[in-house]
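Each in structure tokens, the structures are laid out below.
Both complexes below contain chain A, partnered by chain B and then by chain C.
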Partner chain A sequence: MKSVKVCILGDFAVGKTSLVRRFVDEAFSERYLTTVGVKIDTKTVHLNDSGPIKLVLWDVAGADELSALQTSYVRGSAGFILVCDLTRRETLTTATKLKSEVAAQFGPVPWCLLANKSDLAQEREIDDMALTELAEDGWNVHATSAKTGFNVETAILALASRLAAASGRSP
Partner chain B sequence: MSNVHRLRELLGIEADQAAMREQGRRVAESQQRMPDVAEVLPDAIRQRSHDDDMAEALREPVSKALHESVTENPHSLVEILFPVMGPAIRRSIAETLRAALEGLNQSLADGFSLRNLRWRLEAWRTGVPFREVVLRHTMTYRVAEALLINKENGLLVCRVGEMTDSPGMDRDAVAAMLTAIEDFVADSTGEEEGELSSAELGDRVLWVLTGPHARLALVLEGQPPLTLRITLRDHLAVIHQDHGTYLHEFSGDEEAPAPLIAKLEKLLAFSAQDQQEAKRRPPRIAGPILLLLLLAGLGAAGHWFYRAHEAKQQWLALEATIATVPGVVWVEGLLDRQPPELKLLADPLADSPSELVRGAGYADGEVQLSVTPFVSAEPQIELRRFVRALAPLPPGVAVNLQAGSIVVSGRADRYWYRQLAAHLEFARINVPVDISGLTQIDDGSVSPEAADEER
Partner chain C sequence: MNPLTQVPLPGNIRERVFDILTATQAPQWIETDQALCVSRSLGAQLLEGTDPGVELPEILPCLVGAEGIAPISFPVINLSAGHIVDVHVFNAEAGYEILLIDASESHAVTQNVQQQAHEIKLLNRRLEKLTVALEQARAEAETASTAKSRFIAGMSHEFRSPLTAVMGFTELMQQGVAQPKQALSGIRESAVYLLTLIDNLLEHGAAEDGETVINPEPTDVGELFSGIVKQMRPLATAKMLELTVDAPDGPALELVVDPLRCRQILINLLTNAVRHTETGSIDLAWRVAGRQLRVSVTDSGSGIAPAELERIFVPFERGAAAAGRPGAGLGLAISRQLAEAMKGTLTVASTQGEGSCFTLELPLPDQLSAVRRVTSPGTQAEIMVVDDDSNIRAVLNLALADAGHDVVVCASLNEVTAAIGEHGLPDLALVDLDLYGEDGLEVVDALKTQAPELPVLAMSASTGEDVARRSRRAGCQGFIAKPFELLALANTIQKALPGPQDE
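Now for the complex of A and B:
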């Protein structure tokens, strides 16, 4: 079975770990995240067109920019998932910044943006219009909710399909 | 020649233009010659490759180019030399260890035990060097699991061996976590490349060895010797040598090439002392035998000490005896010689030294006796010498030793009395002689010489 490394990046407290927890059966304690700055999980997904693929998910500790250590964590990723918090506009700015940093350092790789906490509709600072604009700019944007599980699997499976298609390319 | 031409000549313009034309021609020619030279250059170098002049000419530019290359990009050189330098260094270490093993081999060869004999028999039967048989039986470790991890992306290239710890633990996650930890260590220490050398996993040990493109993580049980790391590094170097490109370009392929898996499986052979074999081992009989040998050794040592003590006591007793014997002087005794040596001074009238030695319990020849005669001035010897000189003593005469003096008492005929008087006058006697108790009687006796004259 083919394995691919996928990094999850985003600002502090946007729900990266919750999204991963929702998606996978956990293998490691979350203490690793605070100690080493990354938490590893794996999930095998079965894609209709290309069979099973194993995602090795590197949940990188939240940051508004990539440190040297986080850059080393991202190295070798086949793709990455950006996460922002719909209730905090600045997290979208951070996601944009992180996307530019990764692209600058590792070149173009498949990626997507998960706009998390869609269940908190009353507190949203990023509306659907903004997400639509991003999509029009070529971003793969998915509104998700780690709390309810809304769209989480769909979004990640979509990225997995693109990774399977782009098999063999790495940053 | 026109005036203009002369003026140009005076100003040197003509000469400059000629020089420029010459330079232009040479540049054009060199540009034209370059492809020709490039075409023949490899063959020319090859042709003169055995020429010392060529080597001399190339030495400096090549050295300089190498130096600059290393200065600018040392990492590439490290990668190039990794498969070469690693084995060379390890070979040197291995040679040293081999020498040590030879010493061990010799020691074992000199030793004796049932186990040793059994291993010798096994070495002889299988044709395996004895030291290898010993190592195989004495090393207590085994490689339980081996993981080859891509250094760039932390993905698991392949794994072999049993699933240690919880079988549900995802090895891809373990590989990624190890990579993350090494990155973390590198970042924490400021090193370009961190290396998690080893870690303890309960009763198991995790070893991580890093190569240019891949990490080798091994879960070991028992107590692996540090020398195993040398062998493993060699193995990792071979893996890089044969599969370097594959490892460099690895991006999570479905299955690693079979030769690579086979190389990794060889690591599982780095184990020793099969646990099952250990369980099946027959009851040891070498232990009681060794105990008996130890007891025998202790008994022999005890006996030796006892004998030595006894010999010393016997020697001291002889020395004490001789000290009390008049006319015999202990000069030197060497008990540590074989046989013991004894040097004495002895008056001829003293007790026989040989008898004294025999009387102390020594058999003839058991002590090398050396006796030097001398004249003793001890009263007892003086007494013996006195009696011997005046013998035979008349029946009514007694000679004794009293308070260090020779006391002559009784009744003596005239002849013997005169003989005594002459002896006292001329002989050298080292003790006082008291003859106050001696009475001279005139019984008409004559001396033997006078009787002969009368006849």
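Now for the complex of A and C:
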């Protein structure tokens, strides 16, 4: 079975660990516990077109730029997931910056943006129009909620399909 | 135990491994084969499955994507089984050599520091947002306070000006200086202005609270509009302006509209037209087109600049032409609110120097019916007036007697009982609901107990919808809001009295 490494990147406290936990364990905790270094989890998903694929999810500690340390984590990734927090506008700026840095260092690989915490509708600082504009610029954007599970699996499976398709094209 | 003495390390990495090992506690050195099975391990047993011959399920994920790019180091890896290690991978001839170093202790320290730093950042950000929100709230409160002060100052002026005229004319009449006709005309003009101002203020408050109530009812609109024009004519005449009504030919039409709201809008439009017209005429025209009632008020006044055509409908905003003239800047705003509450529109077209035309368009329900105009002379009757205000009793006594009625006036339920004992039941009773120390509905109840068919009209200075509703529930035939036009009162009384028109 094909294994692919996927790095999850984004500013601190945007919900990267919670998204992985929701996707892998279907669970959520309200408590914020900062990630130091990397947490590695795996989940095998079954895709209609290409059969099973093992996602090795590298949940990298939150940062607003790629440090040398994080660069070593990202190396060898087949794809990456950027995460921003819909209630903090600056986390979208960080995601945009990280995307440019990853693209510059590792070339074009499949990626997507999860705009997390969609359940906190009253506190949103990033509106649907901003997400629509990103989508119009070619971004794969998904509003998600690790708390309720909204859109989490759909978004990550969509990326997995693109990873499977990309690895199928690789020599 | 020194792994360096037991593991035959490649020369090119010996120095680096030495540095790593000398800086750490509990290192573990694992040698794997091509299949990533342990061939030999040394050091403390950090991980399960590090005995020779077993796979390395914990470490395997670290090597995904890393093939061909070793040596590589992954600091602080949180493995799913709970181990926290630094992972260093080296290429070996037959597989990999992996150095694991327990990072639990450094992880705990770093996490503690990082957690606090992040939480402080999040708290600071929340604090910043709160500060911004507080600053915004403070600015809004200041703006509201300024607007309130400006409003009170403006209203004070709006109330004091007509009151000055009323007090001045009254004093001059008492001294015999002013001609009664001129003085009374001035007093009446000021009273109409004050009434409109109060109505507009109350309406503005109700609209802001979303409490505008619309009560459509079959209405003889020709009669309604003629009555409004009749009320406004003295104001126009005082300025030598012609005030005309252009009504459709044919029989009178009974349309389902809210007569009170239509009246409020047209009084506002006509008051403005008189105020801003110095010479010429003002015309109120109305037509029914399809299922729509269209009423226009056209004047030959100063007109409105194009840039101000929408601003004049904003509360407390007034056009340049209104500068220095009386007015609170509420009439047009409220008129449009009322038109929209009736699912209609109020628009304006204007040419500066030529005049303005305000058009009210209201949708009508399906049924239109021509009504027969009541032309029979008024019925003379015995009318009982119940009101605790002696001035109101005096005004009603004079007006009703002048119309040919016999009038009995009472101030309380006791006086009502005594009057019935002396004169018998009247043909109609006019009862104020806000009697001093009593509920007027008790009087209504007492009258209805003795004569259930007796027509009773309720009066009140409270204009809330619940007052009218309570009076209807008590059996009253009608409700008259104070202050009222004597002509309108006479019409209401004639309609309520049993007589030839009551078919």
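Assume the second predicted complex is superposed on the first by the 155 of 171 C-alpha atoms of A that agree within 3 Å, B and C clash if a C-alpha of one lies under 4 Å from a C-alpha of the other, contacts with A are read in each partner's own complex, and residues count from 1 in each chain.
Following the convention adopted for this analysis, a residue touches a chain if its C-beta (ideal position, glycine included) is under 8 Å from a C-beta of that chain, and two chains touch if they have at least 3 such contacts.
What you are looking at is a predicted structure, and each value in this text was computed from that prediction instead of being measured.
In the superposition on chain A, contact is made by A:Gly76 with both chain B and chain C. Using the contact criterion defined above for the overlaid structures, shared-chain residue A:Leu131 touches neither chain B nor chain C, since it reaches no partner.
Judged by the touch definition given at the top, the superposed model places A:Val36 against both chain B and chain C. By the document's definition of touching, neither partner reaches A:Cys112: not chain B, not chain C. In the superposition on chain A, A:Met1 makes contact with chain B only, not with chain C. Judged by the touch definition given at the top, the superposed model places A:Arg88 against chain C, while chain B stays out of reach. Contacts of A:Leu19 after superposition on the shared chain: neither chain B nor chain C is touched.
When both complexes are overlaid on chain A, the residue A:Ala68 reaches chain B alone and has no touch with chain C. Touching of chain A by both chain B and chain C, each in its own complex, is seen for residues 3-5, 32, 36-38, 40-42, 56, 69, 72-73, 75-78.
Contact residues on chain A toward chain B in their complex (touch as defined above): 1-5, 27-28, 32, 36-38, 40-42, 54, 56, 58, 68-69, 72-73, 75-78, 167-170. The part of chain C that touches chain A in the complex is made up of residues 61-62, 64-67, 69, 72-80, 84, 103, 107, 110-111, 114-115, 118-119, 121-122, 125. Touching chain C in their complex are the following residues of chain A: 3-5, 12-13, 32-42, 56, 61-62, 69, 72-73, 75-78, 88.
Contacts from chain B toward chain A in the complex involve residues 150, 152-156, 169-170, 172-173, 176-177, 180-181, 183-184, 186-187, 251-254.
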